[in-house]
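What follows is a set of structures to go through.
Both complexes below contain chain A, partnered by chain B and then by chain C.
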Partner chain A sequence: MKHLISARGLEATPTVAILDTAMDMVDVRTREVKKLPTLRGKTVANVFFEDSTRTRLSFEAAALALSADVTTFTTQGSSVSKGESLKDTLQTLEAMGADFIVLRHPHSGVASTVVNSGWVDAHIINAGDGTHEHPTQALLDAFTMRSRLRGENARGSNLAGISVVIVGDIFHSRVARSNALLLRTLGATVTLAAPQTLLPREIDSWGAAIVSTLDEAIDLQPDVVMTLRVQRERMTSGFFPSESEFTQLWGMNDSRLRRLPPTSIVMHPGPMNRGLEISGSVADSPQSTVTEQVANGVAVRMAVLYTLMGDSR
Partner chain B sequence: MTRVVLTKPDIDRALKRIAHEIVESQRGRFGLIFLGIPTRGVHLARRLARLVADIEPQDVQVGTLDVTMYRDDLATQSTRATVATEIPSSGVDGSTVILVDDVLFSGRTARAALDAITALGRPDVVRFAVLVDRGHRELPIRADFVGKNLPTSTSERVNVSIAEVDDLDEVSIA
Partner chain C sequence: MTILIRGASLMGEGATDILIDGDTIREVGTVKVSADRVIDAHGIIALPGLVDLHSHLREPGGEGSETILSGSRAAAAGGFTTVHTMANTSPVADTAELVELVAERGRHAGYVQVRPIGAVTRNLDGEQLADIGGMAHSSAAVTVFSDDGRCVGDPLLMRRALEYVSTFGGVIAQHAQDPRLTIDAVVNEGRVSSELGLRGWPSVAEESIIARDVLLAEYVGARLHVCHISTAGSVDVIRWAKKRGIAVTAEVTPHHLLLTDDCALTYDPVFKVNPPLRTADDVQQLRLAVADGTIDIVATDHAPHASSTKDCTWHDASFGMVGLESALSVVQHTLVDAGHITWPDVARILSVAPAAIGRVGGYGAPLAVGSKANITLVDPAHTANWDTSRLHGRSTNSPFIGTVLPGRVVSTIFNGTETVVDGFLVEPEIVRNA
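And then the complex of A and B:
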């Protein structure tokens, strides 16, 4: 595997291997020396055409922990405002020595376009393309589920037998798509809960069951409830009548949390709209994995950089 | 053509001798930690730890040291799976670490292992024990304890089988 573009192309065995490597990376983070020399002399370029806090910082932390040099490119203050094309921007970065390009772009499909175009030789990692995919988020979510629900027996295991409900703004969510695809590959059962208006058209190809309210989904007693951010910035028309109606039908709150088994977990990829898709008290409850997901993100991205490094074809 | 160079009794005797040499070099200083390099080094480390504790009763600890991420050939080799590093909870600071591997060849694994140990802490002493030294060093590294010096050509393969992994104890050259 030279690039990581989509969760669709990931097979179970290499995915489990990445998750296992990530366990060893978590371990490294607890050591006296928290760095590995693995990517010494390599450069990781974070290229962000769209705002991001945690993904960019997480990739930076992961690259630094592997001793890579890191350059960060954001569109603000760059020549993109002068009309420089994506191709020229990426070739400029590679000419400056980028071995890995971590790419976030507001348009769906950009990462695979870059790989197929042959513009650059660098490893390409998709850090979110429009409403399409965000594969490292799916990997870190799978990692978080596996470590929380399997505990000591996590290593080497897939997610067979684990039931996951993904609730909310699925239409705009690259996190939901990548997760649904990866979770199925790993053997988990996925149920989607969303208003009809927030389900993408090609939903049938995801291999997931669909229910119309979160209450129906809670009745299934899932191991995981994954809430999604309502993406106000991508909403140009009325996808649901009002925010209070959304919260009432699809928001994760205390009474719904109490109806879940005590071992179940509640996830959110961040940033959260507290009070909209998830209540503040659920987000801060011991069953919430929000901060764990952030911490695991660094380890998982270290594992991804390491795994791609070995394949230069 | 495969030629067996060490059988099970040979391996047992070699490990017993190494254990005696380790105890002798210890000169009564306790606090030994055996760190095996995966895969087979880990099992050899366990065996040596047991033998040493039989010779001179003492508290001997065993761990696993994964050196994968410290290798210098990562960019040119396909990705290797990592293995969990397991260090005694008391850490390695101030201890005597005996690094254990099955075969010493180029010395690059040992070099990576020394870096990996440095990242864990600062042992008083690090020693290196191997079952087979087959020569052809590419770095200025040598083992302190050697089961068997085996002259080989670079084109030959040394296969070490360990009962815990391969269901038999044997060293052969192919």
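And then the complex of A and C:
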């Protein structure tokens, strides 16, 4: 594996291997010397055409922990969103010595295009492309589920037998898309809970069950409830009528948390709209994994860089 | 100048000779006399010169991707002798002066008859009618009006346009795309758009406009032509309208007869086109609709784009594909070789019917004695890898590069002048001085 573009191409065995590597990286992070020399002399370029401080910092921390040099290119706006400029930007960064390009872009498919176009030779890691995918988020979510729910038995295991509900704005969510694909690959069962307006069409191939409301999903007694960030402007575009109705039907709150088994966890990729898709008290509850996901993100991204480093094909 | 075509299969049927004298077909049958030039056409099919009702020659304003000359050469190479060119140039073809300029440049190039299509609304803004009467009465004698690239979305304006254009015996060629249902849409809505996370272009956005427009056409008693229909549902609406006696005609592009939205799965922008590539079922229903006559014509929607607007991301890429050179091969592959239609049908859907919709003279009696000598000779047995050497315009955004397609145009004769000889384009100065 030279690039990480999509959860779609990931098979179970290498995915479990990445998660196991991430466990080792967690160990590294708890040592006195929190660094590995693996990427010494290599350069990781974070290229962010869309603002995401937390994802950028997570990749930076991961690269630094592997002793890589890090360069960061962030920009927004149309002047560099044209394809020619993207091509030029990436070729410029590669000419400056980038071995890895971590790419975040507001348009779906950009990471695929970069790989398929042959514009650059560097390893490409998709750090989120439009409403398409965010594969490292899915990996860190899988890692979080596995360590929370499997505990001591996590290493080497997939997610067979684990039931996951993904609730909210599936349509616009690259996190939901990557998770639905990766969770299925790892053997989990996935249920999507959303209004029809926020579900993509013809998603039979995702292999997920679909229910209307979060209450129906809670009835399934899932091991995981994954909430998603909702953009407030979706309201004005007719996807749902009001924040209060969304919260009432698809928001994760205390009463719904109480109806879950005590071992179940509640996830959110951040940044949260407290009080909209997730209540503040649920977010701060012991069953919430929100900060754990952030911590695991660094270890998982270290594991991804480490894994791609070993394969230049 | 006389040209004798020896032993050609007349529209795929019996072998015969065709004698051309000047710009006219003089004899068809066993020709005893000799001629200034003799073309051996045994095993070759003779078709009437092809007529494209829908192309973008980009001039004026888009000369970086195509010109009237380069597009005319692409057309001749594809077997065309008449092409209609859309109004979405810069400036827009919405005045008599501009359509006359386009027609004159076409005459000067000399490879094909270039028939300008006039804009329906001024600057394609969808607000005020363009100078329809002026264009109709100009020396370009415009008969087809279209805002192609954009839909005439306002129902009241569409009603007025249908009525006004019918005053001059013209026809509106509608780009059927509900603008509100297709905001930011870049790929067919369905399994593929959901997988790719790209904004979907739903079939209903096409079908609902067609349904509205056929009812408007019926109500005001006007002719309507629907551009590039792409969905099975559109076929149903057109079929219903025709059964009801509504004066509607419909076109399909070659690419919608062959390619599906699966092509988009790699985000290769060469497959980004509007309307988008649809599903395999849509493709099948479109083929059947050509076979049963619901769809009247195949038109290329030849849309050249400079490489910079295709060597980029899907989002940034322009919509469109070149198609003049490949149209006949794709028709042979998807319709003739697949058993849906025969060669006389090819003559109908690529020459007689588009000429009738555009009121183009000289195409009513294909390959008949006394007709204008517009003839295309195609070798149906030729099969080859489709590559850029087959393209003759300024742009190479063909979705068929790297695929195998049957058929090859070996000769194109435009008003008695050879524009393609033995599969090669004749040089511009020779054509111009002919």
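The definition used in the following text is that the second predicted complex is superposed on the first by the 299 of 313 C-alpha atoms of A that agree within 3 Å, B and C clash if a C-alpha of one lies under 4 Å from a C-alpha of the other, contacts with A are read in each partner's own complex, and residues count from 1 in each chain.
Just so it is clear, contacts are C-beta pairs under 8 Å (C-beta built on N, C-alpha and C of every residue); 3 or more make two chains touch, one makes a residue touch a chain.
Not measured: the values here are computed from a predicted model.
Undergrad: Once the structures are superposed on A, label A:D24 by its partner contacts, choosing first (chain B), second (chain C), both or neither.
TA: After superposition on chain A, A:D24 lies in contact with chain B alone.
Undergrad: What's your read, chain B or chain C touching more residues of chain A?
TA: Of chain B and chain C, C contacts more residues of chain A.
Undergrad: Mind working out whether A:G109 is in touch with chain B, chain C, both or neither, as first, second, both or neither?
TA: The second partner, chain C, only.
Undergrad: Is A:E245 contacted by the first partner chain B, the second partner chain C, both or neither?
TA: A:E245 contacts neither chain B nor chain C.
Undergrad: Once the two structures are fitted together, what part of chain A is touched by chain B and by chain C alike?
TA: The overlap between the chain B and chain C interfaces on chain A is empty, containing no residue.
Undergrad: Under the touch definition given earlier, write down the residues of chain A that touch chain C in their complex.
TA: 8, 81-84, 86-87, 105, 107-110, 112-113, 116-117, 129-133, 174, 177, 200-206
Undergrad: Write out the stretch or stretches of chain C touching chain A in their complex.
TA: 189-191, 193-198, 200, 266-269, 308-309, 311-317
Undergrad: Going by the contact rule at the top, pick out the chain A residues touching chain B in the complex.
TA: Chain A reaches chain B through residues 17, 20-21, 23-24, 27-28, 31-33, 35-38, 42, 66, 155, 306-307, 309-312.
Undergrad: Which of the residues in chain B end up touching chain A in this complex?
TA: 66, 69-70, 74-75, 77-85, 115, 118-121
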